[in-house]
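Two complexes come next, and they have one chain in common, subunit A, joined by subunit B in the first and subunit C in the second.
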Partner chain A sequence: MGLHTNGLSLEVVGREITGRPVQGRPRRPAGPYLLGLPALLLSCLLLIPIGVTVVTAFRTDGGFGLGNFAVMGDPSALHAVGNSLLWMLVAFGTVGVGFLLALLSYRLPAVTTFLQPALVIPFAVSILVSGATFRLIFDPTPERGTITAVSTRLFGSSPVWLGPGLFWLVLVSAFGWTWLGYVVSLFRTGLDAIPDDVTRAITAEGVRGWRRVRALEIPLLRPITGVITLTLVIAAVRVFDLVLIVVPGSMQRSADVLGLNWWRATTTGGDSGRTAALGVVLFAIVAAVGLIGVRGLRRRRWAMPVTVVRPDPSLARPKPTRVVRRFGWFIGFAVALVWIFPAVVLVATALHSPREAGLHGWWSFSGLGFSSFGAAANVGLFRALLSTLVIAAAATAVLLVIAVPTAYLVAWGGLPTRLGRIAMGVFVVLAVTPVQMYAAPLRDAIDTAGLAGSRVALALVHAAAGLPFAVLLLRSAFASAPPALVSEALQGPARQSAVLATVQRTYRPALVAVAVLEFALVWNDFIVGFLISGPGTTPLSLVLWGEARQFSTSSGPVAAAAVVASVVPVVLMLSFWRIVVRGLTTGSRP
Partner chain B sequence: MPSSRRVFLGAAATLLLTGCSSDVLGLRRAVRVAVSWSGEELRVFHKVLDGLGALDYPVEVVPLGDDISTAFGARSTRRPDIVMLPQPGLVPRHLADLEPVPDDIAQLGRARLWKELLVHEGTTYGVPFKTAHKSAVWYRPSVFRQAGVEPPRLWSEWLTLNQTLTKAGVTPLSLAAGDGWVLTDFLENILLGIAPSVYAGLATATDPRPSQHPEVAAALRLLGTMWSAPGVLAGGVKESLVQQFPDALVEVFGHRRAAMVLASDFAEPVVRSFAADPDDIGLFTFPPMTAGAAAPVVVGGDVMVLPKPTTEDARDLVRRLSAPTAADPWIAEGGFLVDGRTSGYSPELTRLAEQLTKPGEQLRFDLSDQLGRIGDINGLWRVLTDFLIAVGRPGAVVPDAVGDAMAELRKVEES
Partner chain C sequence: MSEEKEQDEPSRTQEFSLAIGAVASGLLTDLTSQLLNQSFGQRGIVQWVGYSVTGLLVLISFLRIRSRTRRARRRRQQAASPLHAAAEEAEQWMIALGTDAGGMAAAEWFTLHEDGLRELLANEKAQNAAVDDFARICDALEAWYVRRPDPDALLQLSELLTTTAESSGRRGLAELAAARAATAYRMLGDLDAATTRLGVSSNIAAHGRTAAALKMRRQVERALLHLARADRAPAGSDRDEAVLNARDRLDDARLTRPGPDLAADVAIAINLAVVHLYQYDGEGALEQLRPALARATAAGDLSGQAHALELMGVAAWMRRNPHEAGSRWEHAAHLYAEVDERDGHARCLQHLGSAAVIAGDLDKALDLLEQSSMLRTSESEILTKYLDAARRTSELPVVPDDPPRRTPRTWLRRALRRFVGGLK
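Let's look at the complex of A and B:
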């Protein structure tokens, strides 16, 4: 910029402002720190027991040492570790298949119409339910088991699907059925976020097919792949109830996983130091995977999800031709049909009388009716539903009340950088900590406090367990607020409340995601309630568990209980799925 | 309409209030009853509880299945107030964890057989709720008629019978190898039949070493001979391994793929509800092993014990459950024997009840329960499952499998 007067020319050069506009250290009021206090107290519910477990694991008769880890030399423990590692491979496989499915639904948009709801339903039901469903499908008698019936009809005989070795197929199917919906939805959102000009440019250069996937989609989806892999690997290492319900007793030894091994060791009154050591090993595996996964997200500074910008409708991709659409429609329909099939089996089995369901498969036409529901109701299903509702609602409410201010504090509360990093690190570690790490000391403490069996205590533990993930998710949602908006709010007269109001308005998807996921998680929970409070307080799972002891002859009541238990989470997930995915990927635009 | 909205809100509030009653919240101390039953048995037990009338306290039933013995382990969670222990043999091992039963019902625990397990130094630590006859074989008479055979009166006759049936194109046995206790029951019957004194010795030993008794190996050999016969097991060993106890019953009576199944009296409701032909149900008791020897009768049952510390409510519930008429709803459903009672059952169960009360029978409590760790899911159950797999392999040599099983048993004893 310059001034010209009377032949005199004045150059005015602006100097960039470096440093703060106001000198001195920023004033850090102590007030906001109080926002984190409830979260700190709640986290202590987990942190202290984890500390106790670690100390127990390393304490030996003569002081501290690795003596307890000799338990890993035990062949059964080694076998369990091996199986847990196999489960991690299963998780990677699921991610791969999910990626391909997402790519398919991206290239053939019509697929999505059918695929989306079909994929969400399994994610909403508990793993116990999906295990029960697949055990029904793979039942070894040709009268009851769908797959056995089909292969007997086709080949004259059938392998014993639940038999040695083959039960893995049933386990993996149930796991994949549950998780693929989540994987596909997240990948799909990531694919949608790839700017169309990039796609067009790379297509114009003649890069197609597999080369295009490698050059374009895989690198651009790396962060979201990190999130998905992390979630799945943790789910795979935590596998517990699935094995219990699917694998017949005589083979549970060969299906043993670390979590299960730990549980058997504690229930058979094993040495507490050794069981603690097992828990620490399990934790070490999960933490290692977690840290590797999070490293990929490092650039996002612990921001779990990736930012996804909704595509501008004016720049939408060209509509595929009619043939392609028809083709996509057909494939989507077929995949959706296959995917919805287990749910159909479950509902159809539940609609048979207990006798008929025990004798024949879901396709039989005799004995239809609601008597299986009646039988399930007789063992206290509805009272269990009510209890579960209370626990899930309480846990969700507590979680939201505590997680929102905490996430706000971490995102915008002006925490010193290092403290913020430590806090986030702790939350990441807590988010991946398996329940076995804190179950034993925690339940002892609850017993001592005379709260054994109290559902309030259980709801608090659930809230504490859900807190790390909720804070991570909300924090990244809060943190991705456009700075202009936030600074505007910060300069306003009512600073924090204004920010909170903005945040609330803008980041509702993340809040909804946290609430819906926590509610569904607690509703479907088996392992936390089972390990913390014993089998009595996880009412819904308890009914399923009790019925599943004599699996095939109880097929009808088991299926009925499973259907009733699944209605609430399925409706919840189906209604909020889009918002949940947006919340998970912080996909809202301000 | 404001009024209907008010009604709705009122109803919602009421629902919420009842929902949050202390009962649902788990704040009120319910009497927790740990049981091993599931499915139909669990439902009938709920009926029994309902039949007790109004109680001053809520009752919560906790189905623990095969892990019931953990109910009073040192690190148990939410210790139950009453345990319906399906392994009465565990009582002597847990005396320190148990309260004596109230004096007014203590005499129930002093009945024949039960006394040696439940009474210690004059104090009674449990009362029987349910007796189980574990030496019963359920079969389909129509198949036996077709093949022209009679229920066996000797072990050797049973082996011949199996051969006859196999030749006639009928699979003789269905085996629920998915449940380990079914396998141990089989072995116990044979051992009790060939060497009652060894059985008794093992049952009462403080440090039992079954692998040091050649009689155990002999029993295993006999068992292996039966199981390894070609075509004797429905679906072969592979399918047997995935069958739970009721599945094996459905194989025989529902799908009619086998002729008989070794199953206790409590199989009755499953047999009756899944039988394709309700009149085609027969029962024989485990035959004597040699001519002149007494037939083995392995007894089990569910015994009510009170883990420490107990409450007045729990004592009250035990008292009510041990009343003579308490189990009537279950007896009406079938598959329930009351200790010492021989009437009011179906004809099949009446025969079993009579055998249980007849003097001079070779009655013994389930052995595996009394072996502690050696007899449980990681001990004998596992050893026998592996044994079954071994003898089921084509070209299997039974004595080798017996040798392996005994070696495995020794390992369990030493660990």
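Let's look at the complex of A and C:
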């Protein structure tokens, strides 16, 4: 009984609240709302054009109506919708394969040694580069295309890989090559976060093999599976540049996806209402996927389980025996070799002279040299490099300055619950919005403002497009602060900086992840620059694309440009990959 | 009556501005549509929107004025009833209770009139508007019974209020009555019944204008329940857990507190200080108590002031500063006496007396402790223990040493705060 202190028992009583209940609502400090102002202004860059597009889509000659959506009855549009749905299946397949690979590397830890970097490199290079690489590999002439050459040697003849129907194989392998590294790394982090004692306990119960995967790993990985599936499905629905570069022009109609269909309608001068309707349909699909996917991933559940106490090393998983380790290395090495092969092809092609690269495959020894790089430099590669650097750096800086306070506001600024949820919903929808949704009005606005070809405008658009994802990621990092401290900070005694200090362990990796991913994304970007900027900015990918139009004659310079363009993101990703993954799965490690 | 007039003031200005707004928007719409007509030859949507806004404003102000006149008429009818008069008076005294403006007189008034008020409530079959008066009397009596404290009477009162609320279909009142019953059960020591009642209260929670206040009240009551559990548990993990739970509830309460409720602010801060004291964090307790004391002083709330001072004394004792503790307790005892809050007064005398027992001044201790036991309304184990020691009938009570309380987190936080403060 009582409170014993300093040699005395004291009776301490609390205080009740009595009398008539006071009318009114909780008062929240208004200051933090200012933190969201820059984000609001930046988001307007997207929100207003999106609004314009939606209005255009619903406006017909005789007022408002659904007349424009008749465009969906068009067979080519229907075909595009079907292809987009197929791409979603491809995304699910990639997630499944990635999960199996992650499981393999978890059971055989030695696999990771070689496999990890090999998987990261494709994720770092742009879709355009991976598309160009796969086009090189699958080239229909046996003198140049690796796969064609191999199958001709083996079976005497070879199908035309880039022909009708078969180009899907090329497309899917390019997509999988790019994304599998991301999937495997995230799943692997999730698997590593499963406490060993749980695994051991469930194994001791006699639950092994597939039953263990179903009983333990799949349910525990559900949140992270949600994040991964969401990313991949959205990437699949937004596929645009891959088809543009891989599929030869004559067959592009049959490979049509919604984004491409939209682009063709705008460039051929179609009715703006109809193209807007196409954009809205694409947007509706993606937004629905995004909202459904994120619904289950509210604040607490997005974060991985946090290990508070570092586990006793003697209780950790036993190190595999030497033989198993050797075996793991071997498998890892073999898979890594296969995985790195497209990059080898790319570099080898770049090291041939333009003429030789056009005539022979990457394996021939004639015409080795740096003349392809010289040819690429002649078409303005280095100016584009500089331009891209400026744009990417500016976009990343603007993004960080604006996203951090906004994420803090959303996580702990004391927003009313409903407003917070609405803000999150808007961010999720914005994060998945396809560029087609705002490209046309934004380009018109930039042209009208006389900013066509301005790097600043492009950087701002990039920052605005990256903002929602950055806020979502940083918010889940901030959300790991103890609630008691936060409520103190909101109401008085503690300072907000104290809250920041407690979450720095989780928000620093998230910050690095945001910065690295945004930089790489802007660096590799094709679609925003292609659809929005004028000719003056010349980012790298536009130069690449311009060259790739005459693919068969200019494969040397294209490969050289692709190599140069990929060096920076690959180095960046390889050096920060561990932190990036940690930031993406906030708080999975102590 | 003065309060109601004050309530009327803003609504009258609102209606006035609504009417002005209606006229202004009508005129503006007319002007704009004329201009548009001159320059474009069409008025279209602007005129439509403008006139509908005007119509809406007119409608709203008409409805408001009508309801106000109705309210006024009803009030005139009510003013005659004895229940209304009693409610008015009781509310005035409730406000005075525990303050420097007539705290003593209020206590006296309640002692004299509580029976009369109870009788009035018991005989009244409150209907419609009279339920409000009924509830106001209940509010006043609750404040008094909690202050006294008289849990049995509080329980009966809450049951009376429950019946009335159910017969008149007021969910908000039933919610409040259940929360009060929980307080009564906690004071009686039946913590499980208290928890059940709180559950009942939150199950029937309504979405009225007092929703936030009631939610906060339940959170505070839950925190007090956890503290009562901590008080019963022996030192150890059960106790620590109960204290942490209390802390969580209080943090929630702080976030749901309705803006104008200053008394609740003081109460929450004081309860947080109690949490810190249970965690042997005297400095943390002081950090809560200083603002609480300042707020209570500014509001003229002598009772809250005294409570804060009492706990400041405990914190000073915890920090091995017996001299400061003694003077704080004396000050608190004085303030409690000024508002005739006997239990608080008795507690302070008990602190002083037991401190005197430790110091070896047994005569002074006996004097203080006997005074304390005369003032008390309930038995206290601790008081009996020290009284026996002062009467030399038993040994000095042995108290375990304070546990080490420098948990890394609080230490880190404080170091950080010092660091940040140094940057300013």
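The rule we apply is simple: the second predicted complex is superposed on the first by the 515 of 590 C-alpha atoms of A that agree within 3 Å, B and C clash if a C-alpha of one lies under 4 Å from a C-alpha of the other, contacts with A are read in each partner's own complex, and residues count from 1 in each chain.
Following the convention adopted for this analysis, a contact is a pair of C-beta atoms (placed from the backbone, for glycine too) under 8 Å apart; a residue touches a chain by one contact, two chains touch by 3 or more.
Note that the coordinates shown come from a computational prediction; the quantities given were computed from them, not determined experimentally.
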(request) Give the label of whichever partner, subunit B or subunit C, reaches more residues of subunit A. (result) B
(request) Could you say whether A:Gly65 touches subunit B, subunit C, both of them, or neither, answering first, second, both or neither? (result) neither
(message) So in the superposed three-chain picture, is A:Gly165 touching just subunit B, just subunit C, both, or none of them (first/second/both/neither)?
(response) neither
(request) Applying the touch criterion given at the start, work out whether A:Ala440 contacts subunit B, subunit C, both or neither, answering first, second, both or neither. (result) first
(message) A:Ser454 in the overlay: touching subunit B, subunit C, both, or neither? Say first, second, both or neither.
(response) first
(request) Once the two structures are superposed, pull the subunit A residues common to the subunit B and subunit C interfaces. (result) none
(message) Using the touch definition from the top, list the residues of subunit C that touch subunit A in their complex.
(response) 91, 94, 135-136, 139-140, 142-143, 146-147, 176, 183, 209-210, 212-214, 216-217, 220-221, 223-224, 227, 231-232, 235, 247-248, 251-252, 254-261, 263-264, 266-267, 270-271, 274, 277-278, 280, 287-288, 291, 304, 307, 311, 314, 317-318, 320, 347, 350-351, 354-355, 358, 380-383, 385-386, 397, 399-400, 402, 413, 416-417, 420
(message) Give the list of subunit B residues in touch with subunit A in this complex.
(response) 19-20, 24-27, 30, 32, 38-40, 42-43, 46-47, 60-67, 70, 73-79, 177-180, 235, 238-239, 241-247, 249-251, 254-255, 270, 273-274, 377-378, 382, 385, 389
(message) Can you tell me which positions in subunit A touch subunit B when the two form their complex?
(response) 140-141, 143, 160, 162-164, 248-251, 253, 264, 266-269, 272, 354-355, 358-359, 375, 378-380, 383, 386-387, 389-390, 440, 443-444, 447, 452-456, 458, 531-537, 542, 545-554, 557
(request) Name, in rising order, each residue of subunit A that touches subunit C in their complex. (result) 1-27, 414, 483-485, 487-488, 490-495, 497-498, 501
